[in-house]
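Written out below as structure tokens is the structure these notes cover.
Every chain is named by a letter (A, B and C) in the order it is written, and numbering of its residues begins at 1.
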Amino acid sequence: MRLYAAAVYLFLYGPIALIVLFSFNSGRHAASFECCATFWYSRTFNNTFLIEALLNSLLIAGTTAVLATIMGTMASLALQRVKGPLRLIFDALTYIAIIIPGIVIGIATLVALVTAFDILNPWIASLGLGDARSNTLSLGYGSVIAAHTLFTMALVIIIVRARIQGMDRSLIEASADLYATPWATFRQVTFPQIFPAVMAGFLLSFTFSFDDFIIAFFVAGSETTLPIYVFSSIRRGITPETNVIATVVLTVSLTLLIIAQVLTRSRADRGGGKG
Amino acid sequence: MPKKIDDNAPISAKKFMDELRRYERGSVSRRHFLGVTGLGMATSVMAGAVPMLAGSRGANAGSIGDRVSMATWPNYFDTANFETFKKDTGADVQVSVFGSNEEMLAKLQAGGTGWDVFVPTNYTISTYVELDLIEPLDLSRLPNFVEKHYIKRFIDPGTVNGKVYAVPKNWGTTGFVLNRKKVKSNPTTWKEFWDLSRTSATGRVMVHDYQLTTIGNALKYFGHSFNSVDPKELADAEKLLLDVKPHLFAINSDYQPGMRSGDAWMSIAWTGDGLQLHRDIPEIDYVLGKEGGELWSDFYAIPKGAPHLDAAYAFINFLIDPEINAKEVHAHGYPVPDARTTALLPKEMTQDPIMYPAKDLLDALEFGAAVTLTDPLRAEIMARFKAA
Amino acid sequence: MASTGNTGGPNNRVTAMLLLPTTLWFFLLLVMPLVVIAVYSLGERAPAGGYQPALTLAQYGNLLARLKAFTNTLTLAPLGTVLCLLIAYPLAYYLAVKAGRGAKPFLLTLVIIPFWTSFLIRTYAWIYILGGRGIPRLLEMIGIEDVRLIYTPTAVLIGIVYGYLPLMVLPIYVSLEKLDKSLLEAASDLGASPIRTFFQVTLPLSAPGLVTGSLLVFILLMGEYLIPALLGGGKVFFVGNALVDLFLQSRNWPFGSAVAIALVGIMLAAVALYLTLVGRDRDRQNVSVL
């Protein structure tokens, strides 16, 4: 059993080790390996495109995660008081948003936005707002964030609602009985209880958005996110730079995970497997 | 189409008169006339209307905005030049790379790309004009484009209905690369290429994920035109492709890694990739099929609705500056149809048979046609081939 | 603001306000786009590509031309899911039941970490490993010649298992963790063989995690594009690849829309079928461990 587990970990980490190893490549191409240099690290940090793509991805993932978490949590809180057909419609939409493949979301969003922009842009121009020559509305950060938020918001709704369902209701009732305002009840009773789920939703949203290629591929317009950059560098023959970025991202997230683990343990909380 | 390649000699007296007559008839614009005859440079210099002439690039720093966005092909630029441009003008260069003209067209058709400059291939330009996706160029804003220095056949596709929409970037050929250590015979034709891929090189051959070149070169097996859209001829090509499919290593336009690792022994390839591979791995050779195949030229153009029009002009003008252009060639290995740039290249390059193939091989090649790219049947055959 | 119990006007208004952004999002970015592609799927391809209005079912009639993409997807997606399941289950079991208390959080984190590296780069790493200089070279050393892995369906399956294993391990682990160990002890005290205990106690109790995990992986695989694109070398063709080609190569938007609608239809049907088969009462619990 233990041997089996070790074999699976080897399977999971072999390729990652290879990525890290190749980031110390001193050759010109990622396809062959010559040991060892940190030369590609300095090159990477001077590559404006890569850095810009990384920053774009961070910006998009950050905004997406914040929007999805806030809106998803708001909806989860509201939904527990909604019953009947409205509830049914909401549930259905939430599951559909999760089930529909990213590639279909990407395509449908692209087609719909382009159709909408074609109608709206001349109209905006005729109102004298915006620049008549270039289009006021176009694909970019906004459309990627909007499309990512759809999926991640549904994810947050599902996670947070599960937590709400398992929540201790007596505390809320007690709070109301003590004439606390709804806001105070939310802040002091409800929110602390659902916080782990909100946090898990935030992290999952961030991870999803940061790693998504296919939706951004369709709706990013002229913006380049990190996965789009990596995809096009695979296309043009990858250089060790991409491995460097992967290694850096891995190191940063590893550090964050360790910090999170240490924090949760010092709070004497059990587990912490989510996220 | 095949014609002698060195059209870039100073304009002859007869040609000057021809152009003058065309200008008088009104069939060419004044700008075209001035450009072709070389008078353009003189007039524009005298008029002092040159915003960014070569030596004085830094003069207008900051006035063109903070960025310019370009859509181009992989391995097709020198990033050091972009840094120079940023230093000179303050504008950051943002690059997206694409795998095929179809993809670029698809993105532009979908709209909202935000690109300022893009790099269409010869056969796409008339389609872009038809779909109203491309901006006619104001050549007075591209003083570095001096028509007389260019090879005519590589300029022509940029002009549609007498209007100039695009200026030449590079030209090149579509042949195949082969690893001499692995492939023991010496294929020189497309027929041999396809036959080898089904026999001794089975499982070791790559073709482009691009219908224009893959179907085009399958058509050459039967001696049909690279550009054929005849259903009967295309049926031949489809039959060949379906027959070859199980023997292929991959259908992928990213063939450098496969060739470098030795997994692939042959692949359909473009000039620059052939040169780059040959430079690093001498046993990899670049071959033009004797039956012919594709000759192409790429252009710089501005899409309709480009958000940073001033930057777009400044950037194109910067890139076709001979000195900058020569640096580009060093980086990617594709020849330039501009004599001023070619003059700056070292002998190893100008005498390289990959960059400048022999005349008889070149003469057999044909330009891709607009309909070759947009033909729905060809698209469908490619899809069937891939899905088979 | 979110307290329960109160009823009446102001509260309804609060509820409505809380739901407003989500409603807007669902409408503008889910319902509208789906309606738009449904409309497009009834249109025709414009001569130079794109969409031109029409009212025809021709695109749906043409779906058979992509039959291979659908059959590939419908074979490799379930196959990949089952492989993931078979490999993930013992690991999840080990983590939940056998691993020591101290090592557990660490080992669990190790399953999550790959998730934080770029999916693309992790997949790309397999191009080296399966390529001529990787495993085939090693096999050559021990005398097994001419093995080709890269750009085959096998490569795609390996990529699938590699990419989605963590997604399968976590839900199964969560449901096994909840499993009351005294039940296992009781079973063995009553003389049940370990195998019997596993099939009669452990497996049924971990079913929710199993269902969630396979559902998640299956859903993602049905829309997969990257793995076949990178490891299939353009020869292993999923519906996702057909879609990208239709929109980005042949620019046949109406046909692409029809393929997309068909894919969504098949997926909804498959998910509904699956959930009915495994029992309706569980589905709430399932997705909640996500």
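Throughout what follows, contacts are C-beta pairs under 8 Å (C-beta built on N, C-alpha and C of every residue); 3 or more make two chains touch, one makes a residue touch a chain.
None of these values were measured; they are calculated from a predicted model.
J.: Indicate which of the five shapes (line, ring, star, complete, other) describes how the chains touch one another.
T.: Topology of touching chains reads as complete, every chain touching all others.
J.: Sort out for me whether A-B or A-C is joined by the greater number of C-beta contact pairs.
T.: Looking at contacts between chains, A-C has the larger number.
J.: Suppose chain centres are the mean of their C-alpha atoms. Which chain sits farthest from chain C?
T.: B
J.: Need the CA-centroid distance for the pair chain A / chain B, whole Å please.
T.: 38
J.: Taking each chain's centre as the mean position of its Cα atoms, how many Å separate chain A from chain C?
T.: From the centre of chain A to the centre of chain C is 17 Å.
J.: For chain B, jot down the residues that touch at least 2 other chains.
T.: 257, 261
J.: Could you list which residues of chain C touch at least two other chains?
T.: 133, 247
J.: Taking each residue of chain A in turn, which ones touch at least two of the other chains?
T.: Within chain A, the residues that touch at least two other chains are 31-32, 110-111, 234, 238.
J.: Which residues of chain A touch chain C in the complex?
T.: Listed in rising order, the residues of chain A that touch chain C are 1-2, 4-5, 8-9, 11-16, 18-19, 22, 31-32, 71-72, 74-75, 77-82, 90, 93, 95-105, 107-112, 115, 146-147, 149-150, 153, 155, 157-159, 161-162, 165, 169, 172-173, 175-176, 182-183, 185-186, 190, 207, 211, 213-214, 218, 226-227, 230-231, 234, 238, 242-243, 245-246, 249-250, 253-254, 257, 261, 265, 271-273, 275.
J.: So in the complex, which bits of chain C are touching chain B?
T.: Chain C reaches chain B through residues 45, 47-50, 65-66, 68-69, 127, 131-133, 148, 150-151, 233-235, 237, 241-242, 245-252.
J.: For a test of understanding, state which residues of chain C touch chain A in their complex under the given definition.
T.: Of all residues in chain C, those touching chain A are 1-6, 11, 14-16, 18-19, 21-22, 25-26, 28-34, 36-37, 40, 87, 90-91, 93-95, 98-99, 105, 107-122, 124-126, 128-129, 133, 162, 165-166, 170, 173-174, 177, 219-220, 222-223, 225-226, 230, 240, 243-244, 247, 253, 256-257, 260, 263-264, 267-268, 271, 287-290.
J.: For chain B, which residues count as touching chain C in their complex?
T.: 100, 102-103, 105-107, 109, 127, 130-131, 203, 209, 211, 245, 248-252, 257-258, 261-263, 374, 376, 379-380, 382-384, 386-388
J.: If we count contacts the way the header does, which residues on chain B are in touch with chain A in the complex?
T.: Those residues of chain B that touch chain A are 69, 71, 74-75, 79, 82-83, 92, 94-99, 110-115, 253-254, 256-257, 260-261, 280, 305-307, 309.
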